[in-house]
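Below, chain A partners chain B and then partners chain C, in two separate complexes.
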Partner chain A sequence: MAEITLDVDFEPDFDVIVVGGGCAGCVAAYKLAEAGKAVLVVERGNYSGAKNMTGGRIYTHSLAKVFPDYLDAPLQRKVSHERISLMAPDSNFTVDFTSRELTEPGQESWTVLRAPFDQWLAEKAEEAGAEIIPGIAVEDLLMANGKVVGISAAGEEMTARMVILADGVNSLLTSKAGLSKPAPAIDQVAVGAKETIQLDPAVIESRFLCNPGEGASWLFAGSMTNGAIGGAFVYTNEDSISIGIVATMSEVIKQDIPVYQMLENFKNRPEIAPLIRDGKLVEYSGHVVPEGGLKMMPELVGNGVIVAGDAAMMCMNLGYTVRGMDLAIASGEIAGKAAIQALDAGDTSKAGLQCYKTMLDQSFIMRDMKQYENFPEFMEECPRLFKGYPEMIRDIMNPMFIVNGQPRESLKKMAMGPIKEIGMFTIAKDAMKGMKAL
Partner chain B sequence: MKIVVAVKVVPDDQDIFVSADRTLDYSKAKPKISEYDKNALEAAAQFAAENAGSSVIAISAVPSKNDDTKAKQNILALGVDELFMATDDALETADSYATAQVLKGIVDSKVPDYDVIICGDGSADLYAGQVNIQLAAALGVPTINEVTSMKAEGDKLVVERTLDTEVEEIEVPLPAVVSVSPDIATPRIAGMRDILAAKKKPQTVEAAAAPVDVKVSVEDIKAPELAPRKNQIFEEGDIDAFVAAVAEALK
Partner chain C sequence: MIENVCDITVNVDEKLSIDKFNVDEENAHIVLKENPSDEEFRKLVLCCPAALYKVEEDGSKRFDYAGCLECGTCRMICGDTILEKWEYPQPTMGIEYRFG
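Up next is the complex of A and B:
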């Protein structure tokens, strides 16, 4: 951190500088600008969303709270089909769930592409009066008398009464501010690889059995990660399919095939290839995903600084729901509110900003982060989810569906064979542990 | 010294796609500063810094769809004091002659007291490299292209042109139009304060004063037909046939 000396009559350039123009940063800036505060957002990418990545789908409850007109945002398709698959090397078992309740306002989710979506958020902040500077990476924080008073980037300094760090999962600044370790442990982060494949909207709707404007979220666990903790995903956008692989970093490095090859193999699966056939690859991306949950969160409040979104590791992957953006948006909103409160009270010190922590603790963010605190460890202790159970289901299903003139066994016998292979006790223990962690 | 720099705003070539019918899809291509004009902007900014009391005025002639807030702010963040932009949709398919006529209109009405007009090496879309010549002819002043350095000496400009085997030094009476080679200066990356200041700098966007005199007509813009891949596969062990085929293809 760069120590600077402030004059007695020091007037900062801005009330607040927000580092990072993604979901959390843009929403925090929007709230601050709306309240008449002078706020600057510095974004590393050439535009908001340029460097962001989601699988993805956003649960829109927190977005709707900040922007009642959120349906004007470039959302892709409302998710009406929830599919989950267990994939063995040579079989795939899928649950396809639809329910009217999935698409009801206030609890619906939408597929989304970050480049257009984040630009919409940035425009909202800009319209409200925030200054946005894209294309500049903030390298360091400015300190005076032990308090964060600004940023430095490309040899320039910019001062503020406080800084909001919303610089994403690879935040270098949270550690510079002394709020986190220099880098997350490799078993706390996953690496994701994703392709966006363009297809005609009508083709997407027929392949995924969706009504116009509606779409599917499809998550896979099993052999495509070669036994590593992780999975694959398929999401339907308006005129493209997002398809990708996520796998825990500590295990990926032990694998003999790289993540992009896992994705290539997944795309070539007979269950997946027809979904993307004749599609045109329009985008590919890779990103780090914070998956350690509550245990990897940094300190959220420092002297003159607070942390929001992925930088605060606000992300949860439960296998069937994957969340990050709704938490980022809500934390951005709370960060904005807390900053306004601190600025109005004339105290942006650690004590003055403690209201951020208090408001977060009272919100669904910390409630949910605590609720699922033990889930990442459960995944680590249950490798059978990725190798074992998909095969077990295959071995139960195959004799059920195959008729070849051979003698038929009773259903009980058909099911018990594969179950015994893993062991009743182990399965029961996994089920108990899993349910407890959720 | 009153320094004018001509800047074209063009669709970002990275995001122009060829559609199935070989037409060009511009729908994702955002307007940006034409690449070599960034070198011209930097040359203008450096030249202004070397000559105390100078001002840098950017002029631009674009179809209205390229009148883009971000592109204009980018121009003003690169050492420019004021921007004058003239729009006319006929400019979308205009040649250098028409562009030069519109630029002359801006110069005559907004900066008649200019000392030097700096142009880039060529535009990112047409790359004809003719606007400086056409503009100088229209204004009735001398012009020099491929300039790699500039120095003011009284009411003259001393410029260097780097040729293959020698460096040519030429004196030009002012006012004049020069086009600069990209080597003249490496474009700066606008800093935070430059970007913030750019939003407050004066900018004027008006319809082109006179109707744009387009002398050329566009018959067709299509990407060339792609040859289908041959997908010729050689079996393992068939190395001689492979080598022969490669050698044949290289002939």
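Up next is the complex of A and C:
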């Protein structure tokens, strides 16, 4: 960090500088600007979203709370089908859940692409009066008397009463601020690779059995990661499919298949190839997902600085659902509110910013992060989710559906064979542990 | 010699050619140390989604920062081993997602 000396009559350039113009940063800036604070957002991409990628799907509850007109945002499709699959090398078992309640206001979710979505958020912040400078990368934080008082970027120094770090999962600044280790442990982070494949909307609707404007979220676990913790995803956008692989780094390095080859193999599966047939690849992307949960979160409050969104590792992967953007938006809102409170009290020191931590603790963010604290460990202790159970289900289902003239055995007998292979006791223990972790 | 990597049937370079990049020809934002160990390099062969860490047919190692998706995976895995430098590309440089 760069130490600077402040004059006695020092007047900062801004009330708040926000680093990163993604979900958390734009929403924090929006709240601050709305309250009349002088706020600057520094975004390293040429526009908000230029460096961002999601699977992805956003649960819109927290977006709706900040922006009542959120349906004007470039959301893709409202998710009406929740599909989860267990994939063995030669079989796939899928649950397809639909429910009227899934699409009800206040609890619905939408597929989303970050480049258009983040630009909408940035426009909202700008309309409210925030200043956004894209195309500038923050190199360092400015310190005076042990307090963060600004940033240096592109050879210039800009000062503020406080800084909000919303610079994503690969934040280089949280460690500079002394709030985290230089990098997360590799068993706490997953690498993701995604293709965006263009298809006609009507084709998407017929392939995924969706009504116009509605879509599917589809998560897979099993052989596509060759036993590594992780899985595949398919989300339907308005006129494209997002298809990708996510796998924990410490597990991928034990395999012999690179992540991009995992994705290719997955796309070539007979169950998957028809979904994307004749589609046109329009983008290839990669990103890191913070999957370690509560245990990998940095310090959220420092002297003159707070951390929000992915930079704060606010993300949950529960296997059947993945959340990050709803947490980022809510943390941005809370960061904005906390900053306003601290500014109004004239105290943006660590003590003055503790209200951020308090408000987070009271919100669904920290409650949910705590609720699912043990789930990442459960996945580590239960490799059978990725290799074992998909095969067990195949071995139970095959004799149910295969009729070849051989005399039939009872269903109980057919099912017990594959179950005994893993062991009743092991399955019961996994089920108990899994339910406890959720 | 880097072993235990399956046969690669996919051409990631072709996929990356569809993406929008402003490659900074002047300035490498990621620099590998000289003679990186096989063991560490192999991790990046497996994990870099852009397939920038490659093993050639003769067994030699190749790395090119052009095509980097700026995800940070290699920094997290090898930042304190075989990477000399990991920075974000200079402003306005690098990947520019149009979909994301």
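Just so we're on the same page, the second predicted complex is superposed on the first by the 438 of 438 C-alpha atoms of A that agree within 3 Å, B and C clash if a C-alpha of one lies under 4 Å from a C-alpha of the other, contacts with A are read in each partner's own complex, and residues count from 1 in each chain.
Definition applied: contacts are C-beta pairs under 8 Å (C-beta built on N, C-alpha and C of every residue); 3 or more make two chains touch, one makes a residue touch a chain.
The shown structure was predicted, so the numbers you read here are calculated from the model rather than taken from an experiment.
Applying the stated clash criterion after superposition on chain A shows that chain B and chain C can sit side by side. When the two complexes are overlaid on their common chain A, residue A:Thr54 makes contact with chain C while staying clear of chain B. More residues of chain A lie in touch with C than with the remaining chain of the pair chain B and chain C. Touch criterion met: A:Ala154 reaches chain B and chain C at once. When the shared chain is aligned, chain B and chain C each come close enough to touch A:Ile136.
Of the two partner chains placed by the overlay, only chain C lies in contact with A:Leu281; chain B stays clear of it. Of the two partner chains placed around the shared chain by superposition, neither chain B nor chain C is touched by A:Thr103. In the superposition on chain A, A:Asn374 makes contact with neither chain B nor chain C. In the superposition on chain A, A:Asn170 contacts chain C only, with no contact to chain B. Between chain B and chain C the least C-alpha distance in the superposed model amounts to 6 Å. Across the two superposed structures, the residue set of chain A contacted by chain B and also by chain C is 135-136, 154. The touching residues of chain B, counted against chain A in their complex, run 189-193, 195-196, 199.
Residues of chain C touching chain A in their complex: 4-6, 8-10, 12, 15-16, 18-19, 42-43, 45-51, 69-73, 75-77, 79-80, 87-88, 90-92, 94-100. Note for the complex: chain A touches chain B at residues 40, 42, 131, 133, 135-136, 153-156, 158.
Listing the residues of chain A that touch chain C in their complex gives 44-46, 49-54, 113-118, 135-137, 154, 169-170, 172, 182-184, 186, 189, 191-193, 195-196, 240, 249, 252-253, 255-261, 263-264, 281-288.
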